[in-house]
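In what comes next, chain A is part of two complexes: it sits with chain B in the first one and with chain C in the second one.
Here is the complex of A and B:
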């Protein structure tokens, strides 16, 4: 599963373009709103009066949005909180507790990666659903019910600005959601730790002595007891060093006391299961069959074109250009022998070859400034799994002349030379190229940009978990913003429905964008409807006729509307960090910052729109 | 208004209400009879079978009760309840996600979705079949490391096993499981590696209750037992037997399930087990016993009554006795009517066109394409049936009878002869018809080939021949040419001996293929290419001539 750092753009790279786009959209909406308001006023009261009305509206907007009183906003937020508690929002928390109590039934601890199931399939989705429901019901029903019960009258008759009412509601409901989310987060965290916690037992009877062929040393090999649907293979060498096999994404520390048959073996809890890796990604490009630069590799016919492929035993290569590979990022005290390069490769065989052996690949390092290129290692590719390739700090190779032939000494023996990674292969500013090639003819390696990264350090998993909760919080804030805005001019059930449409539209935003661009199979909404009712698949051409022509025409009209709708819908998927948390990758600050600014980018116009709609309602005037 | 008139509407209302209550009370009786639930008994009180509906539900013949489908999984029931009636939508969404994860090769998440899908649709057997097949056949093949492939093969099989527990009356599921285990493990490019991994029990361990996937099967008691099997074909056979038990015990209506193919699965798995032993280099008593068991299983299969569509039931072993009976009737008829068959044939030949006659007269290997067609048509036209012979005899006897007194012994003898001829013709026709029906079913499962195979392979000569060829192959791989040549020649001599004692073997195409392949390896050992002539006279030249042309 690719966990990409959001198009790999830093916040500084993203912000100018995004801000300009946002400003343009806001500008269009504002100008469009003003023009519409002007024309409506003209129809009502004539052009001179319309100018006065529009001018007053703009003046009031500027005043009401700038002369906000934090004290009044907080007071209104507190009222919203009390109202939410009165409406028994704590039921949500109770629901979550009940869910967690029985959630164990639905977790398959024998899964390949139970932490992904626990976090990504249960804890975070449960919190997401409950906070969404909370935000939906609170925000969309509050104002309309207050207006209906005339309790809002007691507020609007006070010297309170409509903008403060809207902001107060948003803040108040967001505060309630935050508290509940925090509580659910703690419970969810405890549930995760408890579910994944396990250990195994190992006794002397489970170990057998094995001698490595061609060696004098013997090893103790065996398997631990089964727990959570798995066992670990254990290897203990003569010096007592124990290696516990990595299984289901984790291992255990093994402590040995005593010797021989009287030895006792104690295994600790799971290690390396809940992590938050901080990756250093590079830029990827390829060399084609002729050895020329290319943006993409070969397509092997895979339906999913996320990865590009390179052919084996030829000139094709995948090249990552990394920055930030410095001694400081990889201090010798923490990385004494090598620095870890995490590699995920897809292997495509055009012929079976030797099925008992992995397809061989090679890694080279190249200094982009000096051009020095050295073979780091040859390895067997592991498909669909994260393969940690240690890149040695000191690389010894056979010396070659300009023509690539091995250089020999006076005795005819090949001469070796040693290169230091940071001195010879990495530039002073931390740049280095990593080349990957497939070494077997007729076989292919597939990769994408995120498939190779240097694993510099691990961030705190707890902090990462909190960042995941932040993602849910931001989505909840968006729902609250839309709910409050829509409730300023719609009745409670209609506002509820409208907010549900926004949520559904936001979840499927990418699909709507593809639909508007005509990239989906089966055509637009009308064509799809015909296919559904006539039970045709998405690929077959529709029969030509009046019905088909009408459907295609309506779809053509619908596309710009869909495009416009997709521009104002929030892409909830951008705020989801549960994959990062469950797959063990740190949510980086740039991504959080981008999402925070996106949230502000939505909340600001929602507040303004809510203000306008509430202002124009005749509430206790 | 008078008091009586004002009281009347209230009283009418009261009487109406009384009538409703009385009606409800009356209806309670039939409702109770129909709908009261069944109860379990305790030590002191017996259980009750419940009302009509409860009895119908629990009647094994109808099988309406959910408990009769299989086990009930509480998690699944809770899950279904939690969807609040939107189970169908939930299944659709999950399935769409499953396809997306499959496309992205995110097999971990796809596998986890399967766990949810199985809880939402536990009694849809097609769901189990399809998903288990997808995992075993498609996800496994997407892996590169053979251990990862095996992991997913076993994973799909384990998944299907869970479905069997929940659908105890569905024979297709254990049959599919048998197929996955036997064929996916036993007929892949990675088979030698898979079979080595299969012997490790750890792959099949499961937490919780129940026998593991590779548990044995007791054919006497028809139950799975606590005996670990380490061969995929044996495990497959165990599951095939389980499928047979389910079909027999519950009389399941299974349209589209071909019974000859269904019942041939287990004996064929036994045959493949024996062949796999030989491929692994085992030719001793174990292999001999395996073939012996295969032969016995195939004989038992031949004795089984199998439905033959609209044609009633047949037993595959009845073919030869029926053919013999038909031949005996034909011979007896020809004795009764000597020369009649030739006479009729002559008449038919006379009616042939000259081209057809010429085609018939031309030797088969020298005919042109048109002559082959013409000869085939001509042959069917000059075929003389037993009915024709019997009728001709009867006609001739009747003509003679007119000249004789009715009561005379001679006349009576002629009558008896005519009747006997017609009876013989009828019996022969009936036997031939039944034999044809059986032959159609036999051809579906290649019955004759496998029967011969089992019969021949269990002989010591054949096992020794196979061992000699195997040793020769091993010697070739080790570049020991002299030993290889000696091995091949020994093997060929033993094969000759087997063919001489079982002449039908020479006609068998599978055996012919084995011979050709072994001879080609022999040729390579002699340093020749495949088309080079072998030293003459070659001991198996007749087999080569027969089968090389067919290839």
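Here is the complex of A and C:
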């Protein structure tokens, strides 16, 4: 699951910069608005009156945004809820229910990770689409219809501030969306559990006794029955301890009663399938071919932005600097032998050889204070497999001299020495470096910051599911905010279209940012249009001429406009947590807090803008 | 004329423009008006004369092109003035999915009224407009007359000092019209100021103290109703029924004084008055056919 650098920031790291940026954008919009208002007033009534109008607008803004009545806002919200119910919004829930009733027929439970298909491809996207549509239609249609039906006349002739009308709408529709989303969440949760729930049977006849060569003990080995398109290999040792193979991202607890042919085997439901891992991420940097520190590795052309690559059998290395690796985070009672390091590696081969064979890599631990560096393990890496690499609490290695040669005792045998992970390799405040190198020449390892993390504990999956719903809820609240704001000055169909534009623009915000920065292939909008209609690829240079010059000029003009648009569009992707939930990673509290503040950061100016447009609108025209 | 000025317009002008700013209609031209506390003021005029525009400008639903609209001395766009205002629109623009109780409770909340006060006020107003039997029905099930009544109740929810009534009797049957007019007079007696606009001249004549007549956005006449309607070159004497001999004598006296008797006879009442009398009689004696209702000597056309 790709995690962008944005997601690693703590709230404390993010907030000062984000707030300054927000304040700057808001300041620009406010000053721009006042200047525009002033010039419009000058044209209409002359400069003296314009000063008075602008002054009064500022005074009214302060009063109307501060002297709010919760009772009035709640009353308006209540009417918005009633109106929504009258408009049969419950149909949305019915649609979801029908979808969940029949979707089970089409879910492929035999896939490698059925939970990802179920949650990430069906339940969350369905809820996302339905809540977006709900927010879109309710918010953009309501106010214009109230104005058209003149029900708003009766409301605005009461002591109601325009800011209260806007806030009341937003809160009312958000309340409707919350109720529906909660109901859909419960149904979605039940659907997920029901879809993924399965068990296997195991009988004595399915197990065969095997004796390990050179050992007195024998093992019972076999396979469970097939269910949900898979079987698990089972190994039971002489003491009766059973190991059920991890398959499709889960295993099962096995209980044995009785002995021999009379023994009965009971397999529980799936285990470790619906989890919420709490990762401890480190900061990633690289060593280049000369062994110097570098921000990035090499570009193999396989993957350009997210991952960087290190070359095998050289000095190149990927180094993660971890913090918070303490005894408290990994108590001995829970982690008696080792602490788990989850590692995902992209393998890029310049010569294929046997593609089924893993490429050798090595992991080292280094104490950043003392500089002590110890080899933790050598392993074989296969393309994109997430493997748990247990880092032993006690690491035994061959002692080496200053030149790196093994030290031998009087009998010529290599001398071993033991290091304690927390005493020797981790600093007292919990810092440690993990070095990764590819050991085979001509092969490359690719990695991103999120590809290595220490897995300290699991959070509640139910809570993580709810956090995923919160992400959808925040996106819905954004849609409602934009819809209500736009509907204060646009007619219903135009407000609807404008809100759709915001949603689409927000979803593709990163692309618009790249477009404005000239980072996209194929040029700006005009150049791309020419390429599209003349069927030219993105790389080839356009034929010089008037058409090309005109397109490039228009693109140059469009760039600042695109930049400005991208600054005020919400990045909906930042609020999407469904990958976290479906891939089994806990949604970080800091991430939620950042999203909540972003939501407020949008809703606040949207309310002010909605207030301003409604205040300056002749409701009775 | 020392009563406090409640509504004032100064050179109030409204021009409707199209999207491009071109003038479409000059709806109101330099209107100067004053409405004083405790009077019933009527705005009269044919359709498109600027009556509703004036009311909407006073409510802040429209913005003046030039001039000023002041209510209680404040600009009409000042939201705080609405705390002392009640407004009955031409059509009752209410949420049709609410019932009568919910409607009044909602508007009471908009006035920040505490729950207990809202409940009491809602019950009183529903009782007053005679909708107790239908208070739980959604407004979409209401007849036009019932909707007007609940509209009036919402206008009174805050016990306003100033009532703005846009065509208050529109859509009401004769009894509803009579009740509305009685209510308007009663509210005036309670010290409230009422500004109403209507093109039903009889209604205005019955209740208004002063009227302004608008035509094509211009003020054409302004003054007290009784003064404006006085026919100064005709003398009217109203007596109980007289004998033919007495009438002959009166004619001779008039001729002797160089006067001209224009009409002698029994006055007629209005159809509205007759209808109301019949309904009152019917309600007093249900099931009996009403015959020969005597209408009192208050007829408008007695000579």
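FYI, the second predicted complex is superposed on the first by the 595 of 621 C-alpha atoms of A that agree within 3 Å, B and C clash if a C-alpha of one lies under 4 Å from a C-alpha of the other, contacts with A are read in each partner's own complex, and residues count from 1 in each chain.
Basically, a contact is a pair of C-beta atoms (placed from the backbone, for glycine too) under 8 Å apart; a residue touches a chain by one contact, two chains touch by 3 or more.
A quick note: this is a predicted structure, and the numbers were derived from the prediction, not measured.
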| item | value |
| --- | --- |
| Chain A as common anchor, with chain B and chain C clashing or fitting | fit |
| Chain B versus chain C as contact partner of A:69, first or second or both or neither | second |
| Which of chain B and chain C A:455 touches, first, second, both or neither | neither |
| For chain A as apex, the angle formed with chain B and chain C - C-alpha centres, to the nearest 10 degrees | 120 |
| First (chain B), second (chain C), both or neither touched by A:226 | first |
| Partner chain(s) touched by A:82 [first = chain B, second = chain C, both, neither] | second |
| First, second, both or neither for A:355, with chain B first and chain C second | first |
| Partner chain(s) touched by A:200 [first = chain B, second = chain C, both, neither] | neither |
| Partner chain in contact with A:159 - chain B first, chain C second, else both or neither | second |
| Nearest Cα pair across chain B and chain C, whole Å | 33 |
| Chain B and chain C contact sites that coincide on chain A, given as residue numbers | none |
| Contact set on chain A toward chain C in their complex | 64, 69, 71-72, 74-76, 78-79, 82-83, 86, 149-161, 618-621 |
| Footprint of chain A on chain B - complex, ascending | 74-75, 78-79, 103-109, 111-112, 115-116, 119, 142-146, 148, 189-190, 193, 202, 205, 207 |
| Chain A-touching residues of chain C, taken from the complex the two chains share | 16, 56, 59-63, 79-80, 82-83, 85, 87, 89, 91-95, 97-98, 102, 106-107, 109-112, 154, 158 |
| Of chain A, residues touching chain B in the complex | 1-2, 102, 105-106, 108, 110-113, 116-117, 120-121, 223, 226, 229, 231, 303-304, 306, 346-347, 349, 352, 355-356, 358-359, 381-384 |
